[in-house]
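Shared between the two complexes below is chain A, which has chain B as its partner in the first and chain C in the second.
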Partner chain A sequence: MKSIYEAHLALKNKKMSALELLESCLSNRSEKNNAFISVTEDRAKSEAIKADEKIARGEWTSYLQGIPYSLKDLFVTEGLRTTAASKILYNYIPPYEGFVASAFKNAGAVLVGKVSLDEFGMGSTNENSAFGPVLNPLNATRVPGGSSGGSAASIAEGSSLVSMGTDTGGSSRLPANFCGIVGFKPSYGRVSRFGQIAYASSLDQASPMGNSVLDIGIVMEHLSKKDPHDASQVNLGQMKIVEDLLKIDGEYFKGKKIGLCMELIDGCKEDVKKALLQALDLMKNNGATIVNIELPHLKYSVSSYYIIATCEASANLSRYDGIHYGYRKSHNGQLEDTYKESRSLGFGEEVKKRILLGTYSLSSGYYDAYYSKACKVRRLIAQDFNHAFLNCDVIFSPVCASTAFELGEGPKDPVQMYMNDLYTIPANLAGLPALALPFGNGADQMPTGFQLIGKQFGDEALLKLGRSFEVLTGKKF
Partner chain B sequence: MSEKKINEQTVKHVAGLAMLKIEESELGPYSEQLSKILSHIDELEKVNTEGVQIFANPMRECMHLFKDHCDRREDEIHASLGPSLVLKNAPDQKLNQFKIEAVIAEE
Partner chain C sequence: MNSTELNSKRNNYVAVIGLEVHAQLATQTKAWCHCEVTAHALENTKVCEVCSAQPGTLPVLNKKVVEFASKMAMATHCKINDLSFFDRKNYFYPDLPKGYQISQFETPLAQDGYVEITNANGELKKIRIERIQIEEDTGKSTHEGEMSLINLNRAGTPLIEIVGKPDIETAEEASSYLKQLHSILTYLGVCHGNLQEGNFRCDVNVSIHKKGTNVWGTRTETKNLNSFKHVEKAIENEIERQVEILESGEKVIQQTLGFDPETLKVKVLRTKSDAHDYRYFPEPDLIPLVITEQEKTKWMNELPELPKVKQERFVQDYSLPVYDAEVLTADKNLAHYFEQVVKNYKGEPKKASNWIMVELLRLLNEFNIDVQKSPVSDFELAELLNAVFEGKISGKQAKDVFIKMFDEKKGALEVIKELGLVQISDTSALKELAEKLVAAHPTQTEQYLSGKDRLFGFFVGLVMKETKGQANPQVANDVMLEVLNKLKK
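The block that comes next holds the complex of A and B.
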């Protein structure tokens, strides 16, 4: 049982119970993969039993009823430890429920546990977790990608059917790509960020990850509800897309214009490039037209992002001071020393590096040169997309130039590491929706795939195209 | 832009601003890593941004399209978290308050 929809049919037709489905997922969990920070077996069993009782009474509240899921440990869950994979929050028990956690709970889904991530969302390999690295279930010598590596791994190993990750610079799309699953970053402002531990507030977005675009659509119906707790969430009304997605076939590509910037593809390794070109051929053979576009400022995305994101992070992470919650290391009985000790011992190396970079970029004498400049370049990147979308419906792009990296073999050069995010960062800078789809395998038999980037608030149209593609590849549910 | 490399002195100064303690032995490696990153970021200098407005947040860019959809609410008072919930995660507490170190240094 791999998808929400497939499992839903099995539950509805009484082929299995929610409790049996949960037990099957729990038995798939591998300690070795280290996807989970907290496994919530008791709560999951109680939720599964409740779901079964409702099913027995013929009560169905949603497709998510009885479905095992996991939550990236950045989503605040009331009464249940939430760590952001950081020592500084190692014992933090939230006194309130965030929007995403609440949405799944109210839908009757079954929480398997809180999954690992790169600390505070900072990283692309899930090697930066204070709880140890996560392994790629498809090959234990490889990373699952990050920062939502735990989410991707929990789906790939079969311990959950769907997971909520987040995406600030590619953090759901890259692990989805490395683990052969679907990852969707909605348009910025489409989903409430209430209860989502902040990394970079103008870039962060909650991101459903699963085994099909249909499943993503199921989740997005719940996530697109207007939440009064987030004033930065636009009220476009709740998405109603599942019935449309069920009707979509390959015909949907007819007449669609796919924007392509060939130099992005040329930057990929040969085996990834082959899969990308095959995906494009499939779209062309089903009626789509490929339109050449230019994105002249895209090459500056990584630099712009690493200024903006680290500046915002330096502000967002200033709240972790050892005073109200989390790790405290008192020192010399002096308050300022306690702040410094707590933060320095509580945060990991990558987090400290990014805080330093952000603080420097915002400091007196450097604000204009770095932060303002990066924000102006951000506008140019967004304008490039606006211009491209005059001539196409959606933009085709790689997710990563290679398949999943080896564990521990990540480039020691920080710049090279950050360049891994080149293809995913632009959509976050411009606030656009982006959908990572699995397609094909590399020479090493690891998954390859691509992403489609849509117009701002064109999430439904993007999901429909993605669904059409998966139907073309023979995927029903 | 002026000299880009962040020397160890600057790392120490920035760490102070960020309320981080960096050990003497770590200053060199941080200086090197941050300098490498900033040297790469220097490429932004090449971009002509004359007359270009800052883009700080995607929502501010679409207010004109969606102003009817961006709701405001009345400023109504609702219950917030009570003291016991707020203090539940406190590393140290006394008399229903967070207990912290001295704010004013002793002479």
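The block that comes next holds the complex of A and C.
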């Protein structure tokens, strides 16, 4: 039993209790994988018992009731340590509840724990964590992908049925792809960011990760509520999609136009490419038309992303100054030295690198050449997508050129590591919804997959296509 | 250089002065969260996760901030941008918990306005406003010996920055410009205007150049002044400092200065070379600020009568001299007080104006009391003035009555009664008294009747003495003349 929906049916039919479900998840957790920063076993048990009591009384509030889940440690939880996988927040206990945490709580879900990530969401391998690297549960010599590596690993190892990750440049889709699960980055502005520790505010988006598209739909119903605490959230009303998804079958692809940029696929390793083409064939064989599209500015997306994201990060991370909360180091009590020492010792190398990059790009005399230009490129990329969507319903793209990287590859060639984000970054720059789906295996028996990129705020349509695809691959729930 | 020397040198220079005013908006809650705005709360009790910059928090713009800022923009003839943007101004300081201030840099809320002041020659002068932008206040740092304490109650309080063009030439002009802005802000009710509490603060840019040249000198900026007097002092002091520098053959350098209220002198805080690079960039957490025509129309209709207009109306409607109208309208509440007095007072408005400007303001200023909280209400002042107008008491008596009213918070009629100050204007009663007094002084009567006219005053004096000064002097005069004249025949 892996999906929320299956577990829900089991709870409903009294095949198992929420406590039993939680205990099986806890027993699936592997210390070695190091997916968790904090395991909240006691709290989880009391939440599960509460869920069972409600179930016994016949009270059902949602599909998530009694479902064990994990939260990337970038989501603020009231009274529960939230670290962003950084030494600078190693002792930080938030005084308030973030939007995502409260959405799951209100739905009656059971929090297994807070899972690891690349510090502040900066990285693609989950090796940049102050709490040590996370291993891929499918193969311990591989990374789970990042930055939401802990989320993906917790699902893949079976310690959570669903997990909340975040996606700034691919941080939910890449780990989903490396661990063989589903990752969904909603349109920018679809889900409140209140209580999600910021990396790059104009790109960050809370992203559910799970075992099926149906499960993603279940979570999205709760995440899509309007939150008055986030001015950048667009009010599109709460999503009602689960019942629709349950009705969808393979027929849904009939007449759909799938946009394809062949260059992107050609850039992938042979085994990945093979899986991608097979997925396309499956869609084609079920009535979809493949349309060639052009995205001429895509090649600038990595450079543009690493300027915009680091500029925003340089300001977003200024509040970690050793004064108000978090890690403080001060040998002489002088203000400037306190700043320098706390930040030098509190942040990890990758985070410091990005803060410096962003600070430099915003500096007087460099702003126009870097930040301003990157924003222009970003608009051009969004325009490319708008043009492409005139001729197609959805865009098909790889998630990564290869299967999961070997541990330790990242630090060897940082720029190559950045280039790996090429396929995932464009959806963030353009604010589009993107759904990473597992499909097939590589030569190394590690999972392969692809992503579908939807029109802005076409999140429901995208999830329906994804659901149809998973039905075609034989997945029932 | 001695002071006479300096003064004569100084006359060779022209000053160019530009002011940046920070006004705290009088909203109930802060700019980005629901915390109450107040200067009177225990330290760090008006603080939440947003204004203390906890990880993961986001700002949400308080709509009242936009309304208040826009009203100020309209009242100062600025053009309001349909679309404006917020930016982040980055710098590290413990009282700035986010590590950046949310401000408006690239496109502010409003621009290109002006206010009018009266200059030294009595002419109207326009001082142009470059821009009005919305931003947030910081917390407060207190330094106690080795320790620094942070109070975040003020953090996130909405501010507007009003950036003036360098159209000002003297300290007096600067001060009237500031008073004008202050008066408009408080008329609109968008700023409490309490200077001691820092509701209204100002940075002053000053440069000087030789008369006859049009190449401006290097300017300095004096930060954070919160009194009209200090602004004047700081400007005068800075002009003198720059004159001395230039006269000694040196160059003024671009510096940031601070004003020491103890010595009333400016001192250098930092020079340009160690100036901040604020790395402004668009605030991604806030959406662009859109202001619709409907909003503008609504706010425009809600604007109250502004000081300049009220001033003109006072001159017209109440036949007041311009000076009186200016003083009375400088403060919305004072103007209201005046109009209420006039409503109930039967005499000339100018009389009421005199009383308010001289007697009332003297005591209010002495005890530092706001006119709204005046112990003598507008109604009671009108009662007092009516008593004089109707001849019940004399003007001189009224002054004593007023002081007692002020000190004891009592009504006019009550005090008049308490002091037994009813003026006797009853002709027949006074006539009776006069006849009695004349009869009691036969020697003086004979002398008067034989031509010693100056003894008339003696007889009137007797009436006043006998009535303990309560006789209406005019009536006493008339009656005595009548009684004595009768004897002449």
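Going forward, the second predicted complex is superposed on the first by the 476 of 477 C-alpha atoms of A that agree within 3 Å, B and C clash if a C-alpha of one lies under 4 Å from a C-alpha of the other, contacts with A are read in each partner's own complex, and residues count from 1 in each chain.
Just so it is clear, a residue touches a chain if its C-beta (ideal position, glycine included) is under 8 Å from a C-beta of that chain, and two chains touch if they have at least 3 such contacts.
Just so we're clear, the structure is a prediction, and the values are computed from it rather than from any experiment.
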Chain B versus chain C as contact partner of A:355, first or second or both or neither: first
Partner chain(s) touched by A:318 [first = chain B, second = chain C, both, neither]: both
Which superposed partner A:334 touches (first chain B, second chain C, both, neither): first
First, second, both or neither for A:304, with chain B first and chain C second: first
Partner chain(s) touched by A:363 [first = chain B, second = chain C, both, neither]: both
Contacts of A:95 with chain B and chain C, given as first, second, both or neither: both
First, second, both or neither for A:382, with chain B first and chain C second: first
Broader residue contact with chain A after superposition on the shared chain, chain B or chain C: B
Partner chain in contact with A:32 - chain B first, chain C second, else both or neither: neither
Partner chain in contact with A:373 - chain B first, chain C second, else both or neither: first
Footprint overlap on chain A, comparing chain B with chain C: 92, 95-96, 201-202, 228, 231-232, 314, 318, 321, 323-325, 333, 335, 339, 359, 363
Chain B-touching residues of chain A, taken from the complex the two chains share: 91-93, 95-96, 187-189, 201-202, 226, 228, 231-232, 234-236, 297, 300, 302-304, 306-307, 314, 318, 321-328, 330, 333-341, 343-344, 347, 352-353, 355-357, 359-360, 363, 369-370, 372-380, 382, 413-415, 418, 430-431, 456-457
Touching residues on chain C, where the partner in the complex is chain A: 48-49, 52-61, 88, 90, 92, 94, 97-100, 146, 148, 150, 277, 279-281, 284-287
List of chain B residues in touch with chain A within their complex: 1-2, 6, 10-11, 14-15, 17-22, 30, 33-34, 36-38, 40-41, 43-45, 47, 49, 52-59, 61-62, 66, 69-73, 81, 85-86, 88-92, 98, 100-103, 105
Of chain A, residues touching chain C in the complex: 74-76, 82, 84, 89, 92, 94-96, 98, 193-198, 200-202, 228-232, 311-312, 314-315, 317-321, 323-325, 333, 335, 339, 359, 362-364, 367, 371
